């Protein structure tokens, strides 16, 4: 199939950037979205144009490196799918695709579709862990964790840190990302002990990084390639109230 | 005070004040509905309120504070949220959110403007003083004739239009606000969230229909002096 | 030269404990004076950086990804082994040790494997303490499952994302140290040289992948945890950025490359769908617990839809060849069997490089819902990629390069032959021998990072003066010049062929000649082709963009250039090893029924290759392998 692409080209953080039009010819419906971009890049190289820069790594939907906004939707139109797992059969011959980087103050553009997501690391550094030293920590089965709690923690821990929630949020908020870690830890006995400081520190770090506030649009959940639920935001809010009471 | 700088803390203020305002609106609606009983109903209601004396003033101050906090943090959070995306998308498709959620700041500001007009109109009698209670004779039982004031006001199409328009913005505001405040208070799970979204929208519609039924009934001549 | 692995002597049960006691310690107050550079932030590197930070060392951690949470450890699906014996099914440290040695086809060091098995239990304890959400029973106890090649239930898992959860655990521990100020993260930097001063590793040269600047960093020790090299095959299950570059640069500075011919080809991957393909996707080995592998008995049936091929016309080749292990035969055996069927022209799907993995009998036995519960996410992933519903028609699978058992040579302390250079995880060669068992890679990465390096690095650092050599030293400037020279050379070729076309061409040479089955003839052919391609590369590659900013083409070009050099050593190793063992299968060395034929008399050693300069043959050094606790036996899964 043939497609018309409108791709955001920005030569570095200081550049203003604009959309450029490219044609993608003879795209196999079995190829992935990123493989389609690979082929477009090969063409660009042959015609002496710098290829489109985009972040990607594992190409199996788990590392969280890839992602751009495709026709207004982070990671493209297919539900619960990262850009690398999006396949071209989702589109039809003659379609136009507009590709833009994640847009948020906290995610400055590095080049073209690649953005800097260090802000997400900063949120985790503010408290997204248990303060366990490596060493003799007690036998694993000494702490029982109910299956529902373990499953709940795992549901939250599915987050791949891609930043699609921020890109989708009308407020550029990282609340889903932040909450997923807070909720995962809060429901486990290992993490419960530091729950109060964690919720305060992590949400503060989120705000300091320049992310917006959650106003419950739930766009994050809709865009999340792992389907992380906004129930974790509610849980985080509860944890905040609990922390206030302390 | 830490709370008033934090993201969730300020949202909690929004949620709690929002909940109070929803409560106020419901009580206000119930009071207004006494108009359907006729002059007896609403004039008695107004008389009772006045009889509360200083309590009314305490209530007014508390309400004003709540309203003020809601507005202040609403604007502050919105400005922060806008700043979080300095460069907008060329193309952005929202999938899950609603028109109500996207327009909260506008509907909120519209409601503020309306509230000011509403106070000018019915409380301070600055607009249309000719048909305010001060200008109208007392009713048969010697009470302020709120009933007549309302009917004469809403018979003016333009005034009705302002009120009905304001109620549309309130409808939009509540259609997101009600479920949102429960989520912010941390009371929802993935099971209860969809239900609460429906309840929120239903509540918004009930409030809308309730308030709008008054000018509509008057315009249609179902209630008259 | 005969290499010494410096393994402790005496009874193996006490070897690690005794060694730990014998090692020197660094005074707590002195630790902060030492700086350690950790390259790579996967399970091994992330765990090492976090733990060294906890101990009080000053740590700088580097990765090419944009965050320390993204290394390819994250993609491991199945699980992590530990000898907890929670199921009372006869597991023990000894059995895990034995299984790993046997699974590796008796080509690993006993002492290293014993230590791995011993600390496996601590890993689970540690991860639970970090809040890793392992699967649980209704009792609240940890759940276990069995995994390919093992007859006990010792695999701990977190849904189908065990690697992700373990990596996030390490990443979070690392993040805690960043906050504590002991660790500095340097993401989006790629190591392009090892700085060696008077024979001792003292630092690295990196390229900042955002600004394009070359930067020098000094350290009293350098830890490489930079993963494996199977992207030399171009199509593999590795991430796009995985490369041999860091290890190869170390090799060029004197570190020996050990057993590079041992590569693992994973049997259950989704077959290639066309030339556009950029990588292959692995599906957990657990699929083989219920799926049955087959191909049509007759080649004329291969184009028919699977459903139209009658039961008696299907060849369930694994069950036929290995009646006792059947579809659960170890990875190398299952992969080779699939290749044999396709070589026999009985493969299915596009290009006829695929075999069926059929769930029909399992669905008939336990119902579709149970299958959905067990493998739902994998079936969904399969459908996303192939657009086929595996509940209705059999999956198509084909083996793909997955893991490299070989890597930089290290002694028992995980230190290479270059003092001060430590190598952890997949980047070293130490514990998997010639073949790795399922759920063992995660175990090794974390063992090395959490429980080995914190002790052994102290033993080394206690002998050096902290901060003696810094970036002021002339070697750093020299290294930067060298790296700059190579980058300029790449940028200046300005030829006609794209970088990726070279990567594909090299991959094709390697897959066809040095892949699942190798012969003297194919290996010699590869040794002809590789230098030719390398020559063309340096004359005709086109690298677009600028060197002074982010430039993905330049990054890839550097990696491909290194693969083009490394491939020759890998092939040389495969050619010299005149035996078949584990992942290294030489067609000349097989039994009458097509099984690998080991030659313990002549090849029971680690082959460590010393780089001798461009165009020169590498020099072989041997470390003999002694088996005192396990009897060398033929590895049979029949």
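Order of writing sets the labels: A, B and C. Residues in every chain begin at 1.
The criterion applied here is as follows: contacts are C-beta pairs under 8 Å (C-beta built on N, C-alpha and C of every residue); 3 or more make two chains touch, one makes a residue touch a chain.
Keep in mind the model is a prediction, meaning the values are calculated, not measured.
**Q** For the chain pairs A-C and A-B, which is connected through the larger number of C-beta pairs in contact?
**A** Counting C-beta pairs in contact for A-B and A-C gives the edge to A-C.
**Q** Looking at mean CA positions, which chain is nearest the middle of everything shown?
**A** A
**Q** On a C-alpha centroid basis, what's the spacing between subunit B and subunit C, in Å?
**A** 63
**Q** Taking each chain's centre as the mean position of its Cα atoms, how many Å separate subunit A from subunit B?
**A** That pair's centroid distance is 38 Å.
**Q** Centroid from C-alpha atoms only, then distance subunit A to subunit C, rounded to Å. What do you get?
**A** Each chain's C-alpha centroid was found; their separation is 27 Å.
**Q** Using the touch definition from the top, list the residues of subunit C that touch subunit A in their complex.
**A** Its residues touching subunit A are 47, 50-51, 54, 65-72, 74-75, 84, 86, 124-131, 133-142, 158-159, 161, 164-165, 168, 171-173, 175-176, 178-179, 185, 187, 210, 237, 239-241, 273-274, 276-279, 281-282, 381, 384-387, 450-451, 454, 498, 500-501, 542, 544-545, 549-550, 552-553.
**Q** Considering only the defined contacts, which subunit A positions touch subunit C in the complex?
**A** It comes out as residues 11-12, 28, 30-32, 34-36, 38-39, 42, 45-46, 48-51, 53, 55-65, 78, 81, 85, 87, 89, 110-111, 114, 116-118, 120-121, 124-141, 143-147, 150-151, 153-154, 157-158, 160-161, 184-185, 188, 190-191.
**Q** So in the complex, the part of subunit B that touches subunit A is made up of which residues?
**A** Touch list, subunit B to subunit A: 2-3, 6-12, 77, 80-97, 101-102, 104, 176, 179-180, 183-190, 193.
**Q** Which stretch or stretches of subunit A touch subunit B in the complex?
**A** 6, 8, 19, 69, 71-73, 98, 100, 103-106, 168, 170-173, 175, 199-200, 203-204, 206-207, 210-219, 221-223, 229-231, 233-241, 244
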